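Some structures to go through are shown next.
The same chain A turns up in both complexes below, where it pairs with chain B and then with chain C.
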Partner chain A sequence: MAHQAHAYHMVDPSPWPLTGAIAALLLTSGTAVWFHFHSLTLLTMGNILLLLTMYQWWRDIIREGTFQGHHTPPVQKGLRYGMILFITSEVFFFLGFFWAFYHSSLAPTPELGGCWPPTGIITLDPFEVPLLNTAVLLASGVTVTWAHHSIMEGERKQAIQSLTLTILLGFYFTFLQGMEYYEAPFTIADGVYGSTFFVATGFHGLHVIIGSTFLAVCLLRQVQYHFTSEHHFGFEAAAWYWHFVDVVWLFLYVSIYWWGS
Partner chain B sequence: MYRHIQALQQVSRRTLSTSALRQVENKVPHKQKHFQEDNGIPIHLKGGASDAILYRATMALTILGSAYVIYELVCAAFPKKKE
Partner chain C sequence: FSPVGKMFRAVVRLSTSGVRNLARTRPCYSAPLSARCYSHAKVETDEEFDARWVTYFSKPDIDAWELKKGMNTLIGYDLVPEPKILDSALRACRRLNDLASAIRILEAVKDKSGPHKDIYPYLIQELQPTLTELGISTPEDLGMDIL
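Showing the complex of A and B:
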């Protein structure tokens, strides 16, 4: 298709931005309807529409890049900037929750007993499951780097093995964290300690699930020969996101689990 | 005894790793040819009939969902008074 005299990507008209926007409308109004009128219909519709939009939009990007060759070097540069900016915005998102934690924990109010952890809160031992979780995520950082080098060196089998291992470690973290949540001696309703703990670690856990899903999609693509040793930006984006998730955990571990205990 | 273990290792390595991967053939060149066909079909429909079905289902949900939001909004704005 020699229709353009430039290296940039003029995308075909697409319905997914509209369906995505309506999904956001259904999710927000669905949440309000759930809270006030106890009906989950709108919220469920919103979630299904969101999943359909994400699936088809990203499927189309894979078609445009891998099958149509639209991801030229300048286009890829733009995609890199985009991913970096997105991750930066996520850093600021987490910064807010760390701000909340330090605001409450550096100067604990008399209502909490004037101390941190607050009176009556039994904290988790940072050297038990939380330390294991730290090891799991650090190991997954090593395996995802191994996967990257395998892809760059054209080692198909090793890339698949190391990527699979990374995903399994991600699942293991999620499982362990789920067990911790179930067994924890405090809840989200236990004052500002519970709020800061579960909101910060909860959003982190959600990002682990998102990152694991992203890596799983990359695994499927690697098996289907989508990645070449020179061009595999989808994988790089997933690896950057995964390292970000790992770093957030390290800050969570040091601040909330260790210093805050 | 050790030679038996070695043989078992080799067999399991072969069956678990290579045969599972050998079954996946490289369809990328075929897909590249398919999606580069100059037929004017936009990317979100270019995959075939299943694309159209999925698109129609998504759009139906979009329209139905929007209508339902407006309905719920009207219901919430004009609550039924008890006599």
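Showing the complex of A and C:
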């Protein structure tokens, strides 16, 4: 067996970065082909390859860390930096959409009637379902913190309960938003109001789904005894991502739903 | 004597004397009208307000976004803008080739007047030379005032 004189992890060669890149190519070209030639073949292939890549790459990371012990403290520190930088990049992603919203709403054009909300737009009441959604996500922030403390204190059953509750709240949010989207009196095609509303809240919703999935994977791992009270970075990363999703919602709620009505 | 005990007694002494001072220098409830509890921030006079907004719209290279932002902020205030401010805004519309916004400004100030139906005719009267000079029709001229 080979030995190393350092605590870092020299990863074994892996095909998943390549398959991920090919998936990206298939997704982008597939989208273009779908738009112009109405064929979903490339796009579907891209999606399948993406899902396979994600499953196998992350499964390998779990094998390397949890089962083979490669995630020493310095390695974990690197993973932490990575997650923080990734979330930061996502913050900038959303910043762009908030820029678009404020550009359009602070100085509404004559085509909209020079006012915000634009003439003819019936906005959603911020104190109805959107307020409930806010409460749901804030509550999920509490339950995910409960889960974290449970893991740190070795409370297996409570960790499973609180993590499950967090995921259920996430699903409830997605369900409520889905209903709101269905019932909304305006669509994405309704001028810049519709564009900014649905692109910003739509990407947020996608991130809620991603976050819920991440938490669900953590639940599976917790049930299968992957986490210890000292070492559970996968869960922490999921919790950080979940808090980020919650904060983005708060900004969306205050800016678009409340101020923008 | 513990230092904590000394500190506690000092705090109690300060707070009781403070309470007495409070009652003496802040007679908010029974004071004559002259002693109000306003903040000490500088208050802008009406003339300063008007001048500030005339200057805002007079910027030679004002861009379309600034015009619309300015109008939205102005219309958000609890007042009907003076003719001189509207004149400056209309001229900014002219510089930006935005006739739609010029007419919209007239609709907006009519709406801001609320139940005071005499304000709008007064504004149109004051602005008539400018409207004629810049070739701006009123919503009434265009038949846009009926729903």
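Convention: the second predicted complex is superposed on the first by the 259 of 261 C-alpha atoms of A that agree within 3 Å, B and C clash if a C-alpha of one lies under 4 Å from a C-alpha of the other, contacts with A are read in each partner's own complex, and residues count from 1 in each chain.
As a working rule, a contact is a pair of C-beta atoms (placed from the backbone, for glycine too) under 8 Å apart; a residue touches a chain by one contact, two chains touch by 3 or more.
Computed from a prediction, not measured in an experiment: that's the story for all the values here.
Asks: Touching A:Gly114, do we find chain B (first), chain C (second), both, or neither?
Replies: Second partner only, chain C.
Asks: Which partner does A:Ile22 reach: the first (chain B), the second (chain C), both, or neither?
Replies: Touch status of A:Ile22: first partner only.
Asks: Return first, second, both or neither, reflecting whether A:His38 touches chain B, chain C, both chains, or no partner chain.
Replies: neither
Asks: For A:His103, decide between first (touching chain B), second (touching chain C), both and neither.
Replies: Touch partner of A:His103: chain C, not chain B.
Asks: Check the residue A:His6 against both partner chains and state whether it touches chain B (first), chain C (second), both, or neither.
Replies: neither
Asks: Check the contacts made with chain A and report whether chain B or chain C touches more of its residues.
Replies: With both complexes superposed on chain A, more residues of chain A are touched by B.
Asks: Residues on chain A in contact with chain B in one complex and with chain C in the other?
Replies: No residue of chain A touches both chain B and chain C.
Asks: Going by the contact rule set out above, which residues of chain A touch chain B in the complex?
Replies: Against chain B, chain A makes touches at 1, 11-16, 18-19, 22-23, 25-26, 29, 33, 36-37, 41-42, 45-46, 48-49, 52-53, 56, 59-60, 63-64, 66-69, 156-157, 160-161, 223-226.
Asks: Which chain A residues qualify as touching chain C in the complex?
Replies: Against chain C, the touching part of chain A is residues 103, 106-111, 113-116.
Asks: Give every residue of chain B touching chain A within the complex, in rising order.
Replies: Within the complex, chain B touches chain A at residues 17-18, 21, 24, 26-28, 31-32, 34-36, 38, 42-44, 46-47, 54-55, 57-59, 61-62, 64-66, 68-69, 72-73, 76.
Asks: Can you check the complex and tell me which residues of chain C touch chain A?
Replies: Interface residues on chain C, with respect to chain A: 64-69, 71-72, 98, 100-101, 104, 108.
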